[in-house]
Amino acid sequence: MALRGFGSDNHSGIHPDILSEMLSANHGHEPSYGTDSFSETAIEIFRNFFGPKADVYFVYNGTAANVLCLRAGLKRHESCLVTDQSHLNMDECAAPEFFAGKLIPATSINGKFQLEQLQSYLIRKGDQHVSPIKMISLTQPTELGTCYTIEEIRKITEWAHQNNIYVHIDGARLTNALHFLKTTYQKMLVETGADIISLGGTKNGLGFGEAVVILNPELKKDFKFIRKQSAQLPSKTRFISSQFMGYFKNDLYLKIAEHSHQLALKLAHDLTTIPEVQITQPVESNSVFAIIPKAWIGPLRKKYFFYVWNEATFECRLMLSWDSTPQDVAGFIEAIQEIKLNS
Amino acid sequence: MALRGFGSDNHSGIHPDILSEMLSANHGHEPSYGTDSFSETAIEIFRNFFGPKADVYFVYNGTAANVLCLRAGLKRHESCLVTDQSHLNMDECAAPEFFAGKLIPATSINGKFQLEQLQSYLIRKGDQHVSPIKMISLTQPTELGTCYTIEEIRKITEWAHQNNIYVHIDGARLTNALHFLKTTYQKMLVETGADIISLGGTKNGLGFGEAVVILNPELKKDFKFIRKQSAQLPSKTRFISSQFMGYFKNDLYLKIAEHSHQLALKLAHDLTTIPEVQITQPVESNSVFAIIPKAWIGPLRKKYFFYVWNEATFECRLMLSWDSTPQDVAGFIEAIQEIKLNS
Amino acid sequence: MALRGFGSDNHSGIHPDILSEMLSANHGHEPSYGTDSFSETAIEIFRNFFGPKADVYFVYNGTAANVLCLRAGLKRHESCLVTDQSHLNMDECAAPEFFAGKLIPATSINGKFQLEQLQSYLIRKGDQHVSPIKMISLTQPTELGTCYTIEEIRKITEWAHQNNIYVHIDGARLTNALHFLKTTYQKMLVETGADIISLGGTKNGLGFGEAVVILNPELKKDFKFIRKQSAQLPSKTRFISSQFMGYFKNDLYLKIAEHSHQLALKLAHDLTTIPEVQITQPVESNSVFAIIPKAWIGPLRKKYFFYVWNEATFECRLMLSWDSTPQDVAGFIEAIQEIKLNS
Amino acid sequence: MALRGFGSDNHSGIHPDILSEMLSANHGHEPSYGTDSFSETAIEIFRNFFGPKADVYFVYNGTAANVLCLRAGLKRHESCLVTDQSHLNMDECAAPEFFAGKLIPATSINGKFQLEQLQSYLIRKGDQHVSPIKMISLTQPTELGTCYTIEEIRKITEWAHQNNIYVHIDGARLTNALHFLKTTYQKMLVETGADIISLGGTKNGLGFGEAVVILNPELKKDFKFIRKQSAQLPSKTRFISSQFMGYFKNDLYLKIAEHSHQLALKLAHDLTTIPEVQITQPVESNSVFAIIPKAWIGPLRKKYFFYVWNEATFECRLMLSWDSTPQDVAGFIEAIQEIKLNS
């Protein structure tokens, strides 16, 4: 077994309650390719959240959920507006360009688009030499752990729709934002006008599996073919859908978000007692971003693994997960203090 | 729980011994994206079969394994020779063309290429108007449940290499061929000269997960990027690799092949007692192909689901799985006799 | 200067009357990218033929005209039905798959689709594993020089539209069919229901340049972006549009078709006097297909270049052009008789 | 005939000496698809400039030359480093992403890369989540009319090759740089180590046609197929190659560059006499960039068309061409003075 740490919420395994539902699905024969009874049940659960007209498609991973959402909304000559910090732009090995179209990276603050700048990206709209922007992708929570407020989402969505642009929500850790904003999927996304959503599972306690939720009917039409052609149609779909059944049962999804957010707040709080460490982002989900003295990072990572987010500033990312514990947090603080003493 | 039947080997769940290994992997933190200890162990097992220089990459499903193999070997202007009956040509919603390149469908007998015709597809080689054939994809066992002999594989591979063509093995049910030919992966694929292999898991008892095995060093170089860009890099890879550990432990992979082949032989044998039914393909893996009187198909499918393979001839496919039972076979024969009596 | 012959109608240069119009366009400044006055005039001429709602886009070559038409009508997961003999399938180096989607090659007779077989390609329509056929591409005249009758076009188009399929006309030598059928573009294509047309220039006397004519409004919307992204937006467009002005002026387009068809008929007629030579296709445009004794082909090609169309049967293609002459035909017959005498 | 102006060098027609050579090519039959005698002659001329091992391919337009160069050097998961101002990034409607791969836009000064920043784009090289940078594209002269010095090209090329990165030269107006630097293609590009070059024709007096010059043997291998599949193989190639014969004959290429540069210098000089106008870029090729008072732009463009380059600052681009005249320059200055008087 490897070292515990704060590397990523995908270093954790499967949450026992999610696993339990998955095991319940492992009996007898079921039709394949999404037509099984577990998938039907899981989709109904999603419709309770997102309304009866929502279309739901299970796919394997977060890259797939995101690039298939883009592919659903973009023709090949069209572009998606993203932030310069976004996962789509920085960490997907050009998968968006492969599956969908061009990305236009916009400058961001705390990982968020700046509403007042958006219009400037549309200056040459209609010019045949310029790839038209047809989608904007918001990461919620952002790569830096911050959350758009409902009002911010509404304003961006209004701007987008006024300009004939679809709104994608990249929600690898979407429930963390739900929990932080003390709201519902209905209020945060349906009422604000989001068109298509990547709702993450793997980083929230599933072993694998994400859901694409489509609210705008224009984006539904071809999605089953898009998923299949993109090699993302799971044959034994029941083993994804049953995990989501576990994730949503007894409000587990909110409990996981609460758990990891509380630990993040605790970690951030305790780090503020160490003056050499500087918290850089508001703690609005399950991560803490902090500049840590360069000399401390090496020895610290040997005890608790984490990533240096910005190689220039030594801003580090500490990610809390469903299986992170108060002991992990206390141990980390202890370790950092020990290193400080010895330095 | 849905009806038992002979629809597909992906209608079955996860084999208990495979599940057991997967559950053993569900402890603590592990690095993500293929760098976990379970993946390292599983890759060593593959190397015991395919030699120490084999590269192994886990992906989510069979479509992905196949199209990523093609992408590894083909530039976008190049083509892959497939049989007209192949899954790549018939059942992948143009995924090969999306991920890799053009398919050239060749006529086939019993699902197999005809060696003596292959050369005719190279007539215009070098002509800039013609997409060069750079790969040939053999399905083993074929879509019709037949197996290439080792000698046939060797001859096709020799022909391919003489013509600067890579050999891909589409092995969604590869171990069934291994069992039928009473051979080893080493003899069937390494010594015959295969370049890149899709080794199936999902249809053989895994919940999800396939392996790409790369033998030819020329095809290894970019595969990690190809997998990532194709949205097939699993974050919690341990839940695929551990399943393969279960699949190979105590020769389970061979036992599953033996089990499903024996039941297929039994089913075919018992069907020959019904003169109206005509077995159409040699039973060389875990499927039986048979022409069943049209009027019987409807009522029969209500008791045991299966697919009509050829809508013109009413050739049907009956697929046996790791969880198929002698009772299933007996029940099917009984059902068909009952329908015959009543007709 | 190279040898005269019957290799292809693109071995000829620019017709003097077409060149003359092109030279007239070479004065002063004109806006670029299709907004010049010559392009506006040329488009009006096309609208006289195809109706006032036709959209017209000039592109550089025939490959481009065809694959852009496919791209206009196909989403990436969709397919185009073509004949097995079609240029799209045989001679475009997988450009259709690169720009648009999968090709489904249908068996053909005399280069034409067989209407009664078309329905069989739609068997699995709606199945997510199968790339939906969304376009059918008719070559008029076909690769074998034959012409669909207006009634055949109407029937195929009706079938297509009943099945929600667009009709593309690959018309690299379209006017030859117009002339053969003694009809108009309006009757042959607009009234029969064609959706999008590649209207060839280069093989009919232009130096370069083809026109895409879009009749179905659904296919117009994005075409300017598709053309630009596909690297087919000509900057000095006037040098294509002015050539088409020359092509249509004083019925030159029909005169060229008449000239080359008459010579083809003469050549076919004279070849029938040589019993060893067998005409294989009806002469319905500007080509003659004939099986020529194998031993004669080498020496004959040294005097008059032409292509062996079928390497198995030694069916040869003799192509007549705007600049072919009765002397060319007579010389060819003479040459063949001389070779016969000496053999 | 449209208004004369400074909109673009592609608003001009064909230079008479270039046209003359093109007309000389319009006799008799020539083999098609690049195998004609004119193309052979033209390629020899290029080899006199670029060395005997240079491969030369004619294509239709500048977009094509650029994206085919990128496609030659990039696998689909790889990226090309470009400046944020580059034509590839700003004006190609996502054609680079369609044909080749992802673009990484780097900040620039006067349209040029900043050498000291290049290394920062390679930080995560080797990480499978990051698309590897495999090519850098230098525009020479840049979009802002400035020229890299030979020393700058050498340093960038050295950096690139040390990092296993190919160097592409986007040279839509390449000879203008040659003339400004008083150098040769050999010294500016071959000796500095450029790998592949787009050498423009259309903006320098041709009616259409560009050349791709490949110096690095690794990039040559598949180019004929890449060109064909990209719909850029001209059938009557002689009408491009003969134009290049005219372009290079009697040093016409240098004379055109000299002519347009001198006029640009004259225009810039005369504009400095108008204090309200501010020249923004060094005049190192055939364009002048200047901030013109907003109120003047409308009336001025009615007399002499030009583009506003930067809608925020009202920096305008005035482009000189082979057919620009001293009268055009004088007329423009007169017009601006008149507008000033009346304002």
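Order of writing sets the chain letters: A, B, C and D. Residues in each chain are counted from 1.
The rule is short, and it goes like this: a contact is a pair of C-beta atoms (placed from the backbone, for glycine too) under 8 Å apart; a residue touches a chain by one contact, two chains touch by 3 or more.
On a predicted model such as this, the values are computed, not experimentally measured, just so you know.
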**Asked** Centre-to-centre on C-alpha atoms, which chain is most distant from subunit C?
**Response** A
**Pair sharing more residue contacts (C-beta pairs) when A-B is set against B-C** = A-B
**Request:** Can you check how far apart subunit B and subunit C are, centre to centre, with Cα atoms defining each centre and the answer in Å?
**Result:** 42
**Prompt:** Taking each chain's centre as its mean C-alpha position, how far apart are subunit A and subunit B in Å?
**Reply:** 34
**Request:** Please set out, as single numbers or ranges, the residues of subunit A touching at least two other chains.
**Result:** 76-78, 92-94, 98, 128-129, 131, 225, 228-229, 233
**Item:** In the complex with subunit D, residue positions of subunit B that touch it
**Value:** 33, 75-78, 128-129, 131-132, 222, 224-229, 233
**Request:** Could you please specify the touching residues of subunit B with respect to subunit A in the complex?
**Result:** 1-5, 7-8, 10-14, 19, 23, 25-32, 36-37, 60-64, 67, 92-95, 98-99, 202-203, 207-208, 225, 228-236, 238-239, 305, 323
**Residue ranges of subunit A touching subunit D (in the complex, touch as defined)** = 76-79, 90-94, 97-98, 101-103, 105, 123, 128-131, 311
